[in-house]
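Here come two complexes built around chain A, the first alongside chain B, the second alongside chain C.
Up next is the complex of A and B:
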């Protein structure tokens, strides 16, 4: 078996349709949407008219994320020889990744059943493979900070939001399933935090690189500020669960700030595009 | 009968206007609105999915572009979504035009639970006409508004399989289910 399987080679059947992050990032509607529509952002909860539909779509995203998390953890078991070098992984780290594979496989099964419960077919929404892409980093420490700390951290925020959605809607199935998966995610993030500290204890440069990689992933997947701490953030930053997963207050504050920054960046791009469109229109008159 | 879809040329999304016209014409005939003049105004720059009936003569539907979009392929048209969205709205427009149906409030004034119950009744009729209509998805949306209870599921079934229901029937089924949730 070869090492470092590229994302385009992931095995999927004909039900799955894949979109790249760039397809969404370059969607002209991102900047052309009228300002009053852009402002229509709200926390994901059942009070939103489109709440159940948004929850269904998010649940499908969780499902495909679980598949990729299984694939990523599986690759980390295989891609590195056992050892303590920069391109090696300790046996105990591989054991943790094997345990994570077990969890992620269970999450895939749970997510499929939740999809059935919510009326979603497998493949009804597009799959984006950004989680697996972060799991392709050649340095195992960067791989764990990008996936376990940044993206599994995002999973904590998402699962907590969905669990709250289930509680507010009175949906016992969603609440129960999300609660159990959330507990596993906390463990996965803590694995990332623990291994980051252990493997970089004597290598501050490597730790700096790993944390920088995490910041890049965290900002990119704040999703234009959709995950954050503002009143209208659709996905709330789950501080308490992140603390349980080994994040300190300063680290959580930094993620909140990155999210605000990401939101502002998007707003700036949209404002510039609107101004440009207005100038073009006025020039045509 | 005339079906008008605006814009004629889409620039933000890869929608084909004649395809939308054909789908709307097909579903209009199926739901008994084949003789009506229908205007579809698509807000192509909006990837959200809200839609509403703006007028009944001619029947004018205001659609955010996301409502016609293929959820697997951004910016691409889904003919299924066109049928599902327009079919539901045309059935509700037909309800409004039928004196026997009763007098529902304006779209913006309808309580969310009642709105969802009416949607279930409309999509259930599309299903009865042979269109794929994602029953479980609609049941999940209904349960979110009316409770995860046997009473809510029973109300859903009566709406989904219903024929010749009135606005009073729909609101009563919705209210009775909500009473059990409370």
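Up next is the complex of A and C:
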């Protein structure tokens, strides 16, 4: 077996349909809308007209995200030989990744059952593999930073949002399960922070590269501003749980700022796509 | 009311543990080093395979079992210094080149249509051989002097039996045609031959009958 598996080779059964965040963002049904309508958002709650549907879509996203998190942790067990070199992983780091495999496998099981509970079929929504892409970095420190601090940090925000949705909807099963998964994710973020400190203690350049990679991934995982701290952010930054996981206030503020940038980037991309579509249409006339 | 001053035997009548065992400290350490090596290779490949199998139930089970074997590797890693091996990496070795050839062959399948081969290698060849070697160690080591190894072996064997059953049931659920039976048995046979050539997971003597070290000459033990 190869020691690096590209995202396009992730194995899925025939129910799964794959697309990219960019394809979704530039969907002609979106870009045909007026810019103000396109940018309109609302926090995820049961009172929203599309609340239950949005929650089901998010739960399916959690499910596919957990599969990719499982796959990412598993590949870190396999991809690197044991050692302390730049392209090696310490034995104890691999043990942590194996533990994470178990946790993520449980999260897959939980989200399959919750999706079923909420009335969603596997494959009903498309899967985007951008989470696994963060787990393909050839430097184990950068990979850990991308996965355990950025991806698992996003998971904290998403699970907390879903937990709140469960509370508001009076769904104790949803609230209970999300709370358990939140506990695991806080552990995974701590694990990533600990390894980042340990492996870069004598290598400040590597730490700088890792934190820069995390910023890139955090911006990507802001999902065009869907995850943020603005009043209309569907997925709210979970400050309290992030602090429990070891993020300091400055780091959380930085993620909030990246989310604002990401929102503007998305608007720019959609504006360009809309302009291009309009030009094509007028050219056809 | 019991008399706290009344002398009692050091061993209760039902406690039948004995001092003699088949393994010296060195031989036990050698085997434990082999165990750690094989458990490490196993959890690594199970983790790697997760992304390559399309079957959702298999994917999730491999993720769970990956951790079981990592935990076994960790138990053996912690046991090595207690067996006078200050540098655990020195004894974390394959038993011989044959077992390396076996692991190379077992970890080779990658394509998504090869789930049967992946599972057969682990659950029909490697894990049964691990159960055999662990059981031999459990039944032959000193029940008093090597009690920490016995405790780990007992926990590990519990996992191995349950994981073996999970894996075997997954294989049975995947095999639906005579051609798939042939695929499974052919792959099992080719890997079994490599395992036989290696002599088991700790080399010849993995389950006795080979060059097993006994108590040092002159050592006196009371049975």
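Note that in this section the second predicted complex is superposed on the first by the 253 of 285 C-alpha atoms of A that agree within 3 Å, B and C clash if a C-alpha of one lies under 4 Å from a C-alpha of the other, contacts with A are read in each partner's own complex, and residues count from 1 in each chain.
The definition used in the following text is that a contact is a pair of C-beta atoms (placed from the backbone, for glycine too) under 8 Å apart; a residue touches a chain by one contact, two chains touch by 3 or more.
In this text the structure is predicted, and so the values were computed from the model without any measurement.
Chemist: Return fit or clash for chain B versus chain C, each positioned on chain A through the superposition.
Modeler: fit
Chemist: For A:119, using the defined touch cut-off, is the partner it touches chain B, chain C, both, or neither? Pick first, second, both or neither.
Modeler: First partner only, chain B.
Chemist: Touching A:32, do we find chain B (first), chain C (second), both, or neither?
Modeler: first
Chemist: According to the stated criteria, A:19 is in contact with first (chain B), second (chain C), both, or neither; which is it?
Modeler: So A:19 only meets chain B here.
Chemist: Scan A:104 for contacts with chain B and chain C and give back first, second, both or neither.
Modeler: second
Chemist: Going by the contact rule set out at the top, does A:70 touch chain B (first), chain C (second), both, or neither?
Modeler: In the superposed model, A:70 contacts chain C only, not chain B.
Chemist: Please work out whether A:95 is in contact with chain B alone, chain C alone, both, or neither, and reply first, second, both or neither.
Modeler: In the superposition, A:95 contacts chain C only.
Chemist: Rounded to a whole Å, what is the shortest Cα gap between chain B and chain C in the overlaid structures?
Modeler: Checking C-alpha atoms only, chain B sits 18 Å from chain C at its nearest point.
Chemist: Where on chain A do the contacts from chain B and from chain C line up?
Modeler: Touching chain B in the first complex and chain C in the second, no residue of chain A appears in both lists.
Chemist: So in the complex, the part of chain A that touches chain C is made up of which residues?
Modeler: Chain A reaches chain C through residues 1-2, 5, 9-13, 67, 70-71, 73-79, 82, 91, 94-95, 97-99, 101-102, 104-106, 108-109, 112, 122, 132.
Chemist: If we count contacts the way the header does, which residues on chain A are in touch with chain B in the complex?
Modeler: Going by the criterion above, the answer is residues 17, 19, 23-24, 27-29, 32-34, 37, 40, 46, 49-53, 56-57, 116-120, 123-126, 169-173.
Chemist: For the complex, give me every residue of chain C touching chain A.
Modeler: Against chain A, the touching part of chain C is residues 40, 43-56, 59-64, 66-67, 69-71, 73-74, 77, 107-110, 112.
Chemist: Quick check on the complex: what are the chain B residues that touch chain A?
Modeler: Interface residues on chain B, with respect to chain A: 12-13, 44-50, 64-65, 71-75, 112, 115, 134-141, 143-145, 147-148, 181.
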